[in-house]
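Before anything else, here's the structure in question.
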């Protein structure tokens, strides 16, 4: 049952990623991205990372995608639907992409991973909470500073523009 | 997983059906749950539409829809135009679905799907009774907030797909409104979570069982109440209702993002909106008003009554929503933003701080 | 835990199903008479003029930006809130620092006036904001 | 064949390459940003997959969260820059934004 | 004792310094300074001599003093004084003759433009001579040896405006140097073996056999080379006759009494070093020199040259004395010879002063004009010819006795005695020839004869004093007792032959002594008679015999053609070598230099061209290449970010592909 779910979500993700990459219009890419994020969230669920899945949905779909859509809206002069995004040097890019893909596949298949699979599905939120507060305290505080920086920076740039 | 075993036991007990393998029963039960909830959602939406028109009418000292009735004997004598919304539904079913030429056909079609699906997905987590939680998700509350962001995306897509600058502007405005009110809502929810110590809605309700005094609204006296109030206002804004119904305010930009929608797609948006209203009602009752726990402690606390209490509380909240719609004047956009960022958010953080300190000091 | 997510997925599917069935039903039953006038974009009755896009005020983007940053903050708050009971005051202080830093951001944005939402100046459709 | 670690890694690899392709070919800055988000997601899948399939308990997931957060911050700033770029060049096609001068 | 020795040494030095720097401004140009210093030194020396005589011990060491002079690493060179009987004798001889010469020069050099410098040189010479005598180590001797050579060079070439004087001084100095090289080699051999210079240590080393037989002989012979050079022995005697160019008192002091005696003194001081073969060598050289010099003296007309040759001959005698083991005889002859030869020179000086010419055929009959000079001159001549009561007889007789003794013990060496006897006779002959030619007979040059007058007192007093000393017969006993041959017994085995040689000789001495005495008297009288016959009574005419023995006469007249021989051999060879070197230098070295010059020029031109075309070419090429490369690469920098990512990824893929293979 679980495998079926994996293949389903994998197909969904890859299909939507394909839509995003190969679509002409930016909005279609955005929709593609939406379903990709949803697919990836599904994958996290299958990997028993429930908090991360929901966080993914919340931040990526609720936050970044909205932002991207806003960005698109604000930066499109061309009317309505036909917002073409031209592409350049597709052929060489395709070759290189396939090459990199080939490399990754070789690497993945070649190396033996220290696999010690877990079978149970426990809720992760509590553990994450404690971990964040103890082991990862410093990155936690640094992230706050990072966010502050990003906020001030982006606000400043947006306002200046 | 308590629910699972319970369902299993119930079915086997009924031995209506031959004993199925474990997974099949689960799937069967899930589908059953889903069907019930979807039907419930649709029904509730219609009821609340009817209720809305009746309440607003009576508030304005008029009768509201009275005429529409059926020939069916029992139902006939209910009177008061109870079938009005049913008639509307059928009307919309038959209405022509006009899709503007310049619109982006696919997105125009996709938008209602996303909105409604997201709203319905939220229903999966709502606790109607001790064992009547369709999906007893451990990260329940967090999931609810995440799902609301799906709606935002749907709205933006709807606005964009109809290729009408007014609808796009309306969509952007409503998106901005929902987005900016989501922060105070989330923070106030956080206050509750801090008190309860778990994201699972079932546990939140169990935390509040045992009489009205244990309801979260009264505990940690001022702060939870403040959180309740902030959440209530924020949810109003997220529903684009009442004082904050700027996007599809008649006097403003036509019908907001679903101006270009007609027929069944418009019905879907309308349905999603009222389902959302009911959803918010249940959430507020779960978080602050003790969910399925009866106000009288253990009395009237059996299974059917739990569902009863959930509906009573949520309809009470819906009533207040409606009530506010016809009392408070519409809010200007900048006032809207002001309330969200400069009033609700700070107070939400204050309440969080308060609860935190309260719990630290008491412990 | 997987079961719950499965139910959610089923709900999503049924949501789409419900919408799909209804739309299909309406498509079958509705009368179709699309003529240009009907399908033109709705401009409160007047003829639609100018393209459907108008230059948006940057304000929308800033709002989305602030929303994103605070949403991320909330994502971090949730696990903390969950284990708040079991953590000592030290965790509480840490979180307060975290929130304080981000409130500084809010204060900055507030002071800089990005939150005000002044009425967009009436600018002809084609014109660009200075 | 039960779904092992390699499946997730393959998926991540495909996503990564798609993202890469988008970043390289798309002229529209926003699409490039989307491509970057895709790449980051691919990385995240790897993180969570490793956290699940190897004995590092929760580190992978914590890291994934941090990646998500940083991606958010990055996207915010990037988009601000894109808008600024748009303000200046009246178009956000990356190939037109090739002059370093002010 | 030592302080007086130091004073003796320093007085002349101080006088020299004063004379050199402030001589001109002193009253009487400072001649009294050096003369006074000399007389003071004389007094001190006589004091030391009296001490020596008072103790009357054979070979006893009166006093020694050593100071550390050079010590670097293992080498410890000490410097000091050694005063024993031999030194006392020499001190007295040197200081006495020197002060008399000073006195004499006041008169003789009167009016000379460089009057003060003359006295300065005299003081320098006295200082170096005294130093040579006092010093206790070989290196010291060598140093003073050179100083003496230097001062003789200065004094010979005193009238340097005369070419003959300048040449003579150079000739003297060079011949001396040739001898000194040999001496230096000898010293260094000894030093290299024994590691020290001072006499007693070297003698001790020799005694206990450190020094090998042949090596010691070679060292001895080499040391003797120095003596040959300095004392004008056989091969290197040519410089002494020419040295007569210097002023007569100089000749008297240096070329009669002191400097030439230095060689003999040195041999005497280092007598123990000489192995029998070395002694034999010395003896033979001595005899040859004596015979040659004597024969040449016969034909010489210049009075000073005759005296010079007679000195060479007498030195030969001394060497034979030492060589044949007559240690005391040789040294005694040295002292006696110092006195009468000084007298002869000064006498001839006063004659020259009077007639202003050195040629004897322009003199004659001066007896009446210069009675004092004549009588003193006659006494000296008697003494040198070995007439009975005079000192000359005793010393010459002792030498002849030792030569005969040696001849008896080693019959093979009998000719030494015979030749010696013959030359003694010849000596008597030419000495009286001088007397007759100058003082008796008719004056050949009227004008000079009239002009001739007796020398002033300052010149005649020294003559008288010297005359008295020449007579002094009573010394022989002292000398014999005081200067006993150093105990040969202390020698090691290798000198055994010398030891037994002495014993024998002792036994034979008496018989040899008497025979020698008798034969010498006979020979002397014969010589005198022959000379009188030829020159006084003019029975036989000198010229006739000269005609008869033409070849012999011209041979003798030309001084055995030694000068010509040397000229022919050494000088021409040297000249030839110099010409060779010059040519070599000119052609080859200059050639090389010019060649390298031209080569460098050519090389630089080549290098220039390389630099111009090669390096500049390369640099320009590199610049152009880089420019071209740059322009090509500019294409890549499109500014398009995606192109960059593309390239980067392409590189990654390539890298991976290569990594596979």
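Chains: A, B, C, D and E, in written order; residue numbering restarts at 1 for each.
The rule we apply is simple: a contact is a pair of C-beta atoms (placed from the backbone, for glycine too) under 8 Å apart; a residue touches a chain by one contact, two chains touch by 3 or more.
Just so it is clear, the model here is predicted, and its values are computed rather than measured.
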Using the touch definition from the top, list the chains contacting both chain B and chain D.
A, C
At minimum, the number of touching-chain hops separating chain B from chain E is 2
Is the number of contacting C-beta pairs greater for B-C or for A-C?
B-C
Chain whose Cα centroid lies nearest the overall Cα centroid:
D
By CA centroid distance, what chain is farthest from chain E?
B
CA centroid of chain A to CA centroid of chain D, Å:
6
With centres defined as the mean C-alpha position, give me the chain C-chain E separation in Å.
129
For chain C paired with chain D, centre-to-centre distance based on mean C-alpha positions, whole Å
21
Rounded to the nearest Å, the gap between Cα centres of chain D and chain E is 112
Multi-chain contact sites of chain A, meaning residues that touch two or more partners
2, 46, 48, 50-51, 55, 58-59, 62-64, 66-67, 70-71, 73-74, 77, 80, 88-89, 93, 96-97, 100, 123, 125, 128, 132, 143, 147, 150-151, 154-155, 158, 161
Taking each residue of chain C in turn, which ones touch at least two of the other chains?
1, 5-6, 51-53, 56, 58, 60-61, 64-69, 71-72, 75-76, 78, 81-84, 86, 95
Can you list every residue of chain B that touches 2 or more other chains, as numbers and ranges?
102, 137-138, 142-143, 145, 163, 168, 172, 179, 182, 199
Each pair of chains that touches, named by its two labels:
A-B, A-C, A-D, A-E, B-C, C-D, D-E
In their shared complex, at which residues does chain C touch chain D?
58, 61, 65, 68-69, 71-72, 75-76
Counting only contacts in the complex, chain B reaches chain C at residues 1, 4, 26, 30-31, 33-35, 37-38, 42, 92-102, 109, 112-113, 116-121, 123-125, 134-138, 142-143, 145, 162-166, 168-169, 172, 176, 179-180, 182-183, 186-187, 190, 193-194, 197-199, 254, 259-260, 263-265, 267-268, 333-334, 336-338, 341-342, 345, 349, 352-353, 356, 359-360
Touching chain A in the complex: which residues of chain B?
23, 102-104, 107, 110, 137-139, 142-143, 145-150, 152-153, 156-157, 160, 163, 168, 172, 175, 179, 182, 199
Mind listing the chain E positions that touch chain D in their complex?
638-642, 645-646, 649
What part of chain C is in contact with chain B in the complex they form?
1, 3-8, 10-20, 22-23, 25-27, 29-34, 36, 38-44, 48, 50-54, 56, 60, 63-64, 66-67, 70-71, 74, 77-78, 81-86, 89, 92, 95-96, 99, 103, 106, 110, 115-119
